[in-house]
Amino acid sequence: MPATREPEADLSVLPKADGSARYSYAGYTVTGSVNGPIEAQRRDEHAYEAHVDVIVRPAAGVGGTRERHLETTLQSSLTQLILVKNFPRSLIQIVLQVESAPENDYVNTKLVQASLNFAIIPALLQTAVLALLSAAVPMRATATSAIVAVVSQDGASELVADPSPREVEAAQSVHVLAFTSQDELLLAESEGDFTVKEWDDVYDTAKRICCQSGATKGESIEMVLDEKGDNGPDMRQFLRSTLETKVVADLYWK
Amino acid sequence: MTTESLLVLPGDEIDPSLIPTHKKNPLRLGPGLRHVPPNHILPTVAGQLVADHRKTSLYVEYNGGRYIPSVSDLVIGQVTRSAADLYYVNLNPYTPNASLPHLAFEGATKKTRPQLAPGALVYARISLANRHMDPELECVSATTGKAEGLGPLTGGMIFDISLGLARRLLMARSREAGGIAVLELLGAEGLAFETAVGRNGKVWVGSENTKTVVLVGRALKETDEKGLDVEQQKKLVQKLIKQMR
Amino acid sequence: MAQPTLTFPRPVFAKLSPHPFLLRSLCPQSESDPAGRTNGRAPREARSINIHTSSLSHAHGSAVIRTGDTTVICGVRAEVLPVASIPQFRPRAAFEEETETSKRAELKNYDLLVPNIELATGCAPQFLPGVPPTALAQTLSTRVYSLLHGSGMVDVEDLRIWKRQKKEGEMEVDEDGEEEREEQELVGYWVLYVDLLFVSFDGNPFDAAWTAVVAALKDTKLPVARWDTEREAVVCSRESRPLKVRGLPVACSAAVFLEKEYGEPGEGRHWILLDPDRLEETLCREVITMVVDCSSGETRIRAIEKQGGTVVGRELLRGFAGVAEQRWKEVSKAMQ
């Protein structure tokens, strides 16, 4: 299955929601909607801050334990980004509908697959951030996320950004990292078998994908040579240009 | 007016040279910005940073999202129910009701207050907006005691528009500054109608003629959804007028 | 008139305003009153761990783990899954090489390791009777499931049940090519149901649950099973052999406590509290879990999970590997 090499996104695709986004990259397509701040149910109400409710719906079937885990992970990360204290006793609801995920052509695909937990987090997080921006929910910062796999080939290990499901399966270890726009590590999830040194290399690669911006290109040239030109996409620049399109369209009358 | 503009995302650093300074006037922060002590100003939404050096103000211009009540905004609400001495008014679906005291109308006393049934529309000003409390409304100016155009809206119809368009319609010179001329043009075509614009993304259109109400509403919605500029608005108005006749 | 001073005993203070309670405890007040957590531990001090195995007589392997007031029971029960009842069964072709990846895929595709976690009613006040599994229980189950499959502790070879035939056996069932090689056919698998029950819950559920899983798997003895041609069924003999468990991954969790309860992130001081208890968990947003395995002599990380905040960056995470190593030593000692 040919995966899109460049991330693509449309903002405000759903007319009734306060904000929405459709994001597709590396075989994943996710549509997200954001509504809020709205009235929270009594049991979710918090006296000092907004409750962030994340709902992940899989492409097929109903959500199970895997989705609950993803929701918990995303919720704790997004609560850090949204200025939840501005809206006490309210609710910000984020619904993420997975539309398609890359299929592994080599094995019988099962609906429940734990390794998929990881690979889909960047797509979900990116969609959520875009939808939140579309809904103009006040936020502390934006975030970008990347997935990197360590694949060992002929004794030498190699870092692969945005691995295919096949590569994820064969990988020594898989890592998902997310950074805020202030270059802070927001989320780190890793699975497999690796050393601190390997994690360090992964951190560098993920940070470059998430946090490079036009200004610091000079530093990364050296890295590009190491990685055989596979520099990965520049997620932060992508976020900015997507929003630029939206803002220009919104403020056409200026 | 000197303005400079630039795209900002939440948490972006703002170049200090863009922040207007004045010897006497303190800097005023508009929507979409927050101040982090001691001296950081950070955007909270994605939009265009607008600095007004004359007024020493700084804000982020954006469109979209849900209306968040803020003091002295004009809004259109729908009465959901009446309590002992106030009405509960809905400004936005799925949000807590705002309260409108029975006596917050022009010349209202216990005996003469307007009787509003559930479902009635009111044009009101937000008198209190606090993150820890539900908003409060008033239909009378606290200083003059006059209604100043606020009060119950009878007849007509409500149309939903984007928050950005509502803001532009409320601008003092909406044609020049906001690039919105559709109402002016419709009026020039000889249609008799009145409007009330709520910052919460609602427009009320009233007229003797139901056709006129629908036409004005459609013109506004189309302008909003398709992002028409003044020239296109002219064409749209001409087309709609032709269809009506 | 003198202001009446308001004093509360410790438990009341902890209930009324937990954040200042913990904060005050962590800030040293005087020489005689050293800083520490409200539970009397130092920030980087974990609760000691007690492991008791083989306490359940009807399970194939079991363990009871106790760390502080967190107690979890884990039972491993093996059941035979005949190949015929696997809907998507695909026998491995002779030319396919068996690799580590294919073995893991086999475990996963046929669901041979099934963990489930139950938080018993009454183990902590927030768990009510008669409700569906909480998000916490579901999250824990998923995490244990991922780690169980990701760590490769169990070899699928141990779970296979073979039909072995003598050389002079019937020829009609076998194809010609098969006959030359070892005449054996896969007829079924052992499925390991790993059930965890929290008897008492006082924070840090994942570490306790994972330790219980590892201890119970190490304790597991599977009966020797073979295919009985005459009865056409799998029969088990009385003798049993222990399940081979590779490595000893140990989970180590910590929570980040911030000085300002509702402040900006990165503002004020922070403490990293190892092995948080229930009070501390409710006050901390950012949590980090690292699973390490030092059994090969070298420190290998098996999983990292960090979420909910921005305090822990690269340096802290690197440093945390050392803390996790220390914890590994403690746990591996307790395992013996």
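Worth a mention:
To keep things simple, chains are lettered A, B and C as they appear, and every chain counts its residues starting from 1.
Methods note: a contact is a pair of C-beta atoms (placed from the backbone, for glycine too) under 8 Å apart; a residue touches a chain by one contact, two chains touch by 3 or more.
A quick note: this is a predicted structure, and the numbers were derived from the prediction, not measured.
Taking chain A out of the picture, touching joins the other chains into B | C. Innermost chain of the displayed assembly, by C-alpha centre distance to the whole-protein C-alpha centre, is A.
Set against the C-alpha centre of chain B, every other chain centre is closer than that of C. For the pair chain B and chain C, the distance between C-alpha centroids works out to 55 Å.
Centre-to-centre, using mean CA coordinates, chain A is 34 Å away from chain B. Centre-to-centre separation of chain A and chain C, using mean CA positions: 26 Å. Touching of two or more other chains is recorded for residues 140, 180, 182 of chain A.
In chain C, the residues touching two or more other chains are 264. Shared contact sites, meaning residues of chain B that touch two or more other chains, are absent. By the touch rule above, chain A contacts chain B in their complex via residues 12, 18-19, 35-39, 81, 83, 86-90, 133-142, 180-182, 239-240, 243-244, 246-247, 249-254. Of all residues in chain A, only 48-49, 64-66, 68-69, 71-73, 76-77, 79-80, 85, 107-108, 110, 113-115, 117, 140, 169-170, 175, 180, 182, 184-196, 199-200, 203 touch chain C in the complex they form. Contacts from chain B toward chain A in the complex involve residues 5, 7, 9-12, 32, 34, 42, 44-48, 61-66, 68, 94-96, 131-132, 164, 168, 178-180, 227, 229.
Chain C makes touch with chain A in their complex at residues 88, 90, 101, 104-105, 108-109, 135, 138-139, 141-143, 145-147, 149-152, 262, 264-266, 285, 298-310, 312-314, 317-318, 321.
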